[in-house]
Amino acid sequence: MREKLHTIIFEADTKAGKLFDVVLLWAILISIVVVMLESVVSISEAYNSEIKFIEWSFTILFTLEYIARIIAVKKPLKYIFSFYGVIDLLSILPSFIGIFVTGTHSLSVIRSIRLLRIFRIFKLARYVKAAQFLNQALIASKNKIIVFLFAVLSLVVVLGTLIYLIESPEAGFTSIPRSIYWAIVTLTTVGYGDITPQTVLGQTLASIIMIIGYAIIAVPTGIIGAEYAKTDINKISTQACPSCSKDGHDQNAVFCKYCGEKL
Amino acid sequence: MREKLHTIIFEADTKAGKLFDVVLLWAILISIVVVMLESVVSISEAYNSEIKFIEWSFTILFTLEYIARIIAVKKPLKYIFSFYGVIDLLSILPSFIGIFVTGTHSLSVIRSIRLLRIFRIFKLARYVKAAQFLNQALIASKNKIIVFLFAVLSLVVVLGTLIYLIESPEAGFTSIPRSIYWAIVTLTTVGYGDITPQTVLGQTLASIIMIIGYAIIAVPTGIIGAEYAKTDINKISTQACPSCSKDGHDQNAVFCKYCGEKL
Amino acid sequence: MREKLHTIIFEADTKAGKLFDVVLLWAILISIVVVMLESVVSISEAYNSEIKFIEWSFTILFTLEYIARIIAVKKPLKYIFSFYGVIDLLSILPSFIGIFVTGTHSLSVIRSIRLLRIFRIFKLARYVKAAQFLNQALIASKNKIIVFLFAVLSLVVVLGTLIYLIESPEAGFTSIPRSIYWAIVTLTTVGYGDITPQTVLGQTLASIIMIIGYAIIAVPTGIIGAEYAKTDINKISTQACPSCSKDGHDQNAVFCKYCGEKL
Amino acid sequence: MREKLHTIIFEADTKAGKLFDVVLLWAILISIVVVMLESVVSISEAYNSEIKFIEWSFTILFTLEYIARIIAVKKPLKYIFSFYGVIDLLSILPSFIGIFVTGTHSLSVIRSIRLLRIFRIFKLARYVKAAQFLNQALIASKNKIIVFLFAVLSLVVVLGTLIYLIESPEAGFTSIPRSIYWAIVTLTTVGYGDITPQTVLGQTLASIIMIIGYAIIAVPTGIIGAEYAKTDINKISTQACPSCSKDGHDQNAVFCKYCGEKL
């Protein structure tokens, strides 16, 4: 009985399992749309009762699903404190808290965390391979990305401090944190325009920051691109050594590089 | 007779076919410019009759072309319901509808139908053969791009909800959909500046979104770049040496670069 | 005599030639700075006579250089109508026209075209190799870049028309050309914010344009990147066939791929 | 004694050395945060004495560290005038100058240069390898990047002058330097929106600049990407087979993949 439930809820190999995932996918998407519409004042006022009804339907549905998941797994506690377990709970909790505690309207928005549950659905799809692919490339380039981000952050702190010295508070550079915020806005080429340099010196520094930002965007691209290409090449080789059964051989390999066995 | 028409209209190998294509190309481009100029109030008021005359000339020209295409093909229905058939019809229909539907109250509706003529521009796509190349790389990376877009959309929904919680409606974050719009504007580094965070916490979150956006732009670049390189490489290697049966030769190679055998 | 002049002015192998190029480089840069400063109202009013004096010194210097160049080359007409010949003339002409025709102040700004002359100086540097490199990659990917630009322009025309239909003129979308301008501002992730969508539908379309713009920036990067990598690899091979003296062989090539001769 | 001090302060192999680096890392980060908070008017007024106390604690700590570093090295002068030596001095000097000279509040902000000291800490980490990697790729592509930056700057000067001719000073294009600033803002896709073209011709030129900027961002990406990939490849191939003397083996390879010989 529990095993059957597990097959339906946690796996996607059977027909029932696939159906469950598709239904859940749509339930999540629709409930997210409802949460969004509720935040629009004109809609929430006009369709107050309808939204409440739909919201509670989904809350009950997700609560039942949550209970079913706890029943289905062998170690319930492990599931409850897992990443998806916590998200599952967070996506139903705000509605229940709303009954007992008033004035928790903003809290109810946390329900939009439900969207993260969608990533679980990915297991049913052919996208899981592509996702693993992306993941692998990102993990492989993790260290270099951290170094890059750290360099960017240091640059932004130093440049933000410089512009704070150059520009006056009247132009919007009222404090160093705010100036750093401006430096990030500029370096990442976002450029809101809510704070802009007014002096010639400030505009010169801004120009330098922009060109730096325009040039160094090539660095993460180069990093991920190279790792991606490597991941790609390694993947092409599908052979596994008949002796030591290790894989990851190059396409032109004739002998296993780990044990010397002929491939 | 029909075959001759087909050669002229649908093919570009003969002199007449080439001429037809060049004339059509210019007709499309000029008619697009006229549609654009018509939308500028000062121009449409000053040159009302001239624009109408040119517009009707092109409509008649494209109608004749449409009829000629129907005559030229063996299976007219198949052409009519094909992608280009629909676009060809859409590019002439609005002008004809404008005759029968009059009245000031529905003027704006007619106007917008007339603007559909802009789809004429898609007729140009027919001329581009090198586009296949780009297309191939995009199709090959379709799955990964979908996963990436889905991750970006999820990110944007979660970040948009967060900023909605942090910032007040006075700063422009009046609803979750609007906050998601802001998150997209920020993550894609567009940065209009029509909605900007005002609190320290909001600006911190904005900074994080910007840096994420600045870093993950490398992902689609890496994906398409890798697929593109593969597409490129596959195109080069078509021949295999008859002697040593190694491949990977350049397109202009006459002799095998490994054993010197003639390819 | 003429040959000696040619060696100094057009070449950079001798000591005198190098000195000439360095002096010219600084003369161009300083004259550009003067042109810029002249455009700043407060500076041009305060230092009117000084700027005029410096400007005329450079004009006479460049005129002498222009005459020297005409004398130095064997076919003066060919030089005069060449790319650099026209630029050399354009960089001195506005000053002379300014004597005879009054009210040509704005014309004098054309002198900033002098900056383009700097590219000639590149021949003296080790940068010529790197520049050729960039050039080669750009030429190789020319066709694909054109296709890409054409696709972007078509997209922008269609999206600009769509937003023109959706948004009202009050929001700034007064005509199709202006709406296309907005679409370019959005797609290229520039995002001035001078025109922004106000309706929910308009913001949705804007979001789609942004994400498209964010994703397709990968296409030119992929194209140039791939061509660049290819150029790079081809360049590594420095061998030339001893029999047919063709180059462009791969690093691992043992036999010439054109004539079969052993390398 | 001095050698022991050197081991602790300058190296990170021993337990004491690691501890010293970690403590210093936190001290730098916290002192930076304090410098930032001091620049926020509301905070600096409310917690004036607390901030002064913390600031002086760190100044004394860093002064002691500076003295210890001078004692620890064999050639103190060489350290004092080295890059990190100057930064170490600059990060404590402003506080001491503040005692003797009044009205140097803005000077004290220079203390945020302390952040650069963090890069010294990198030596303790596994990130040094990744940093070297990035550095290597950047150095290898230095010449090409300079050519690219020079081309961008020339483009920006010419385009800035053009827009200055087209647009009026009322739209914000008051001088050529300011117009060049606008051209940089546009080309790098930052797009503040503080200066925007108002005429049709100006918007057309702006559109061209945007599309150029959108397309040529691919160039630095291509350059760094290619160099990066090369650096990557070089890193992999370090061993050569003793039997067939072929190289290109992976780092984890034990046997030659071409002939099966033990590496």
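To keep things simple, chains are lettered A, B, C and D as they appear, and every chain counts its residues starting from 1.
By definition in this document, a contact is a pair of C-beta atoms (placed from the backbone, for glycine too) under 8 Å apart; a residue touches a chain by one contact, two chains touch by 3 or more.
Owing to the predicted nature of the structure, the values given are computational and were not obtained by experimental measurement.
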Copies subunit D and subunit C - interface residue numbers shared by over half, same or different: different
Comparison of B-C and B-D (more C-beta pairs in contact): B-C
Chain pair repeating A-D, as identified from B-D, A-B or A-C when over half of the contact pairs by residue number coincide: A-B
Inter-chain centre distance, subunit B versus subunit C - centres from mean C-alpha coordinates, in Å: 27
Rounded Å distance, subunit B centre to subunit D centre (Cα mean): 39
Shared-contact residues (touching 2 or more other chains) in subunit A: 148, 177, 180, 189-193, 213, 217, 221-223, 225, 229
Chain-level touch network, classified as line, ring, star, complete or other: complete
Residues of subunit A defined as touching subunit D within the complex: 143-144, 146-148, 150-151, 154, 157-158, 161, 164-165, 174-177, 180, 186, 189-193, 196, 200, 203-204, 206-207, 210-211, 213-215, 217-219, 221-223, 225-226, 229-230, 249-250, 252-260, 262
Residue numbers on subunit D that touch subunit B, as the complex places them: 189-193, 221, 225
In the complex with subunit A, residue positions of subunit D that touch it: 32, 35-37, 39-41, 106, 109, 112-113, 115-116, 118-119, 122, 126-127, 129-131, 133-134, 137-138, 145, 148-149, 152, 177-178, 180-181, 184-185, 187-194, 213, 217, 220-221, 223-225, 227-229, 232, 249-250, 252-262
